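Just below sit the structures, each encoded as structure tokens.
Look at the two complexes coming up: subunit A is in both, with subunit B in one and subunit C in the other.
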Partner chain A sequence: MAGVFTVFQREIGSYFSSLYAYLIAFALLVIMGILFITDLDNAAGQRPPDPSVIPTFLSFAMIFFAPLLTMRLLAEEKREGTLELLLTAPASDTGIVVGKFLGAWTYYTLILAISFLYQLILMGIAQPDLARAIAAYIGIWLYGGACMSVGMVFSAITENQIVAAFLASAMLFLFWIGDRVGQVVTNIEVAQVLRELTLQGHFSTSFAYGLLHAEDVVYFAGIIVVMLFITVRLVESNRWR
Partner chain B sequence: MHTDATPAMIEVKHLTKRYGTRVAVDNISFKANSGEIVGLLGPNGAGKTTTMRVLTGFMPPSAGSATIAGYDIMRESASARGQVGYLPERVPVYPDMTVHGYVAFWAKLRGVRNPRAQADVALEHVQLSDRRNTLVRNLSKGMRQRLGLAQALVHNPPVIILDEPTIGIDPQQVIEVRDAVRELGQDHTVLLSTHILSEAEQVCDRVIIINKGHIVAQGKPAELRRKLQPEMHLYVVLGGKKDRGEKLLRSIPGIEAVEAAGEGFNVRVKKGADIRTELIDQALHAGYTIQEMRPVMMTLENMFLDIIGREA
Partner chain C sequence: MRQQNSDVVITRQRVGQIGSYAFGLALLIGVLGLVWTGWSTPVIIAFLVAAVGLATWATFTPRDFAAFITGRQARYGTIAFFSVILLSGIVAMTYLLVRERALTFDLTMSEEFTLSPETKDMLRRVTRPVQITGFYSSQNLLLRAIDDQFFRLYETETNGLIRRVYIDPDEAPAVAASFGATDGSVYISYVNDDGSVDTATLARVPRSDSQERDMTEAILRLQIAGTVTVYFDTSHSARDPLDTSPEGLSGIHAGIQESGLITAPLDMTTLGEANGDVPADAAAVLLVRPLTDYSEAEIAVMDRYLDRGGGLFIMADVLFNDDPFLKQDGAFDQYLWVNFGIRALDAAIVDPVASDRSALDVYSAAAFTGTVTDRFDPQTDPALFRLARVIEVNLESAPANVANGKLVLTSELAYGETNLPQLGQTNTFAFDDGVDLRGPLTIAGWSWDQTTNGRVLLIGDSDFVSNGMVEQYLGNGILFTDGVVWLTDLNDEITFQPQTIGVVPFFPLDQPTRSALLFGVIFLVPGLVLAAGIVISARRARQ
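The block that comes next holds the complex of A and B.
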């Protein structure tokens, strides 16, 4: 995977030099801050604060925010023509794709890390269920990575970032709403299968409650691997057209 | 085929590239030796870009093979790609990077040992050092072109491939880029494409004319001119009479075509014939004065149109 680190470095650099990436982080952090305060306010004196309030919010928000973070990755390279140059450099296609994905995932990880500060603040004023919070954060970290890998696939199929973001959001929404569909299907086996396929099905009843199941980790990791594989093939297809 | 002491830096053998059923490049073969500047010349859609994209390892050929500095572009793709600096037609830029960061990125990606220092050397080479910390988005088109060049030579590759390096920039910058290319030719093998003949003539050691995916002619610019212009062209202006003497010119044996141009006529003379003395004699005899008579060099431009016209 030649070139992973160089591409990764550039990608991180470009997140930090783009106003737009800051705006996304800003929006996410503001909403998460408000949710945290509201929950704290509601909980005051009645119940312990909910440690997974932010991850649960993100499990919905990432449907829209992940594509916004990834839409640029390959669509822009294609539009600017830099993809042609990348593909003629002695770097492998896999290296380029993985480097970019890691860059995006790292940026998301930083946003998560900042929001985790809330839990640390909480330690000073209440007794938060830190173990559950950590599990929920691990869950939403993987969940976000999976969403971004889906976003990357759509970034690879078009030069238009808006189209990439919209299609990825639509796709993720299907993955997400599938959970609801599972709930209204009367055949229990079918419902179970449907639920196992969805993003929520591997988060809302496990990670969100502080449960770390190998199958859920494998599910998200699997999505990432499959989506990256598809992305590599799509990038490669530029050579054949 | 003569054998060279120096091995060819670029060797293309029976290269064919098809897009679906459309054949973009059809069975072309050529060589470029070390230190040579070779021009690929042809109209838009002739297959220049496709040829270059195959050579740079961007896309595989449908048939045939090519080597860059001895490495096969298919079997030893990564090594071959490492030997090439490439500037695509539209300069690919990351607008949000600084000039230096941009060049250093490509250096690093191509495994240059000291990328930041090498980037400075390359920027010096294309005279962009003073813009080192400018964002790429703020560069003019000509500067972007030079930035593209810096990117192509930062890893000091033996082979540099430039796709239409002077397209869309102003005349002063065109001169600068041409000078830069000529300078590169001193210690690199340069393959450049252009559809401007005078450019090929000025910059290249050897020109390969390509049309509809075929090589239609190749050689040194001067050789090509000789080979392709066997017949003489004259420009003649006659005076002294009311008519301009078209009839007379047409009556002289050895003149193939007469065509009015400006005050006088363009006269095409049959291959091998020299009718200048006879023309003067006859014109004077008929009472004309000769105001002007000079040989016309067929420009490569005309030659080119001539060749691709014959093709069509």
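The block that comes next holds the complex of A and C.
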């Protein structure tokens, strides 16, 4: 995986020098702040604050957020004709893809870390189940990684960023709809299998409740590996098409 | 005017292309349909269309077709395709293997998803295969997922001796009907040697806010299932336990069976005439509003039963016939008073304060918990009694070795109307000082002979357990269930304390703190991020 670190540095640098990335972070943090305050108001005198309110929101927001972060990663390189240059650089295809993915995932991790401040604030005013919050954050971190790996596939398919974002959102919506698949599919065994294929099926009833199932970790890691592998094959196809 | 030429030119190339698209699309639909529904007419049609598309493609553009199969793109594409399939297969296999091991880490502070030591102790005593049968339609997919991760703890803890089976009531309505199941309900039972459900031990698992208690108590009940029998006396025109009308007792009858107890009818009159005995396996006998009073011979049967440690649940209504059941100072009433320090009085409870539509529909205003019930709380879930009798408990001079007490009381403003003929004929009542009884009055009382272990629970009403009322008022069901559990002495065996969940309530914030918090999380933190972005962009623009 030659060149992973170089590509990663370049990507993370481009995130931190782009106003666009800060605007996305700003919008997300405002929404998360509102949700945090609303949950505190709702919990007052009724129940303990919900430590998974922000991760649960992110599990939905990633449908739109992940494509926004990944749509340009490869599509922009293609459109501007820099992908060919990149392919001739001393970096393997895998290195390019993994480096770009790690850059996006690191940026997402930083936003998650900032939102974790809310849990620390909560500790000052209540007694939240911090361990449950950590489980939910581990879950949404893996969930986010899986979403971004899906976004990368579509960024590699087309050179149009909007098309890449739209296709990735559509795919992630299907991956998110797991808990509601029973409303559409009448056979519960089929619905159960479909739910197990979705991202939500490995988050909403486990990580969000403070439970860490080993198979859920394997699922998210597996999605990331398979999607990155597909992306590498797609990037590689530029050499023989 | 020039006429535009709108002729469509159909080339061999285009037909071949359309054929290739039709082949690809129909093949995809066919494979998906095959996986989804198996062989069906639409699936066969899809494969036929795919075959025609393939033939068209190969016939009209043979070169393209050959290039697709043997060309450079095909070679690389095929390798890429199969390598993705191979990797996906490896990931899927790893996932399935890990899932099989059911490795779960409960990160919650109070270990909400970890079985308590008490449950684990109980599970070690399970020696026969047990099946948890859940009925979930596709509409309840999420509920099934939530329940499943809890049920699987039981399966893992017993190394599969307890197994989970899920049935869709929409797909298998006959199976659901045989269980009496509705969507979302869960049952527990032993499993026969042939793997089928032992229907004799089938019991529904209640659903409350404590899943562990519900399931563990259900398994505990299963372990005692078939060993405890409760008899309903059907003589003296007592209420029918199988009657499904609002006045019937089918609800409590089913509830007793769901608790793993066996129910059976008993004819006290026949036993009395034959000088027989209550069956030896009777853990309790229920007398639910017999209309006429018991004879000396019947009382002798009950005396022998109580002497050997039996339990009698008596529900006595206000009756207006000539020889009413448990008439004050009648033989049976006297027997209870002398031997157990408890009796029914010929007075109907009127409560102008704690009552429903009529002052004769009386709510439980207070209760003494501890002996018979811990769960019954008249403040949160009061019980409602309809035309109830006054019960008297002899607290001052109870018989030797007899412990007794009041269980449910009326409000202080209630009184006991003693003019029952007038009440029955004109439905009028008024407090007569010096004649009627002053509140608070006792609606239910208990007595326990500590020498023989004989127990009596006397409630001055039977309407409270009728289907119409027990379904409507939660307190009625709790009072009845706990009464039966106390009489059958099962309290210690089926009561289980679940893992305590440390819920720390969150108190409202004062306004300055809330405002500071609001400013911090909605304006300050996001604002700092945005400001950093603007500064960096501006610096880049200057460069």
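Annotations
In this text, the second predicted complex is superposed on the first by the 234 of 241 C-alpha atoms of A that agree within 3 Å, B and C clash if a C-alpha of one lies under 4 Å from a C-alpha of the other, contacts with A are read in each partner's own complex, and residues count from 1 in each chain.
Going forward, a contact is a pair of C-beta atoms (placed from the backbone, for glycine too) under 8 Å apart; a residue touches a chain by one contact, two chains touch by 3 or more.
Values in this document were obtained by computation on a predicted structure and should not be read as measured data.
Once both complexes are superposed on subunit A, the partners subunit B and subunit C fit side by side without clashing.
With both structures placed on the common chain, the touch criterion links A:17 to subunit B and to subunit C.
Using the contact criterion defined above for the overlaid structures, shared-chain residue A:82 touches subunit B, although it does not reach subunit C.
In the superposed model, the angle subtended at the C-alpha centre of subunit A by the C-alpha centres of subunit B and subunit C comes to 160 degrees, rounded to the nearest 10. Shared-chain residue A:174: touches no atom of subunit B or subunit C. By the touch criterion defined above, A:7 reaches subunit B but does not reach subunit C.
The partner of subunit A that touches more of its residues, comparing subunit B with subunit C, is C.
Legend: residue contacts after superposition of the two complexes on their common chain; A:126 is shown touching subunit C, with no touch to subunit B. Of the two partner chains, neither subunit B nor subunit C is touched by A:193.
Contact with subunit B, but none with subunit C, is seen for A:91 once the two complexes are overlaid on the shared chain. Minimum Cα-Cα distance between subunit B and subunit C in the superposed model: 5 Å. Put simply, subunit A uses residues 17-18, 240-241 to touch subunit B in one complex and subunit C in the other. Taken in their complex, subunit C has these residues touching subunit A: 36, 72-73, 76-77, 80, 83-84, 87-88, 91-92, 94-95, 98-99, 101-110, 112-113, 136-142, 144-146, 149, 166, 168, 170-171, 503-509, 513-514, 517-518, 520-522, 525-527, 529-530, 532-534, 536-537, 540. For subunit A in complex with subunit C, the residues that touch the partner chain are 16-19, 21-23, 25-27, 29-30, 32-34, 36-37, 40, 43-49, 114, 117-118, 121, 125-127, 129-132, 134-135, 179, 181-183, 185-192, 195, 201, 204-206, 209-215, 218-219, 222, 225-226, 229-230, 233, 236-237, 240-241.
Interface residues of subunit A, counted against subunit B in their complex, comprise 2-3, 6-7, 9-10, 13-14, 17-18, 80-92, 239-241. Taken together, the subunit B residues at the contact with subunit A in this complex read 19, 53, 56-60, 78-79, 81-82, 84, 86, 88, 90-97, 101, 105-106, 108-111, 151.
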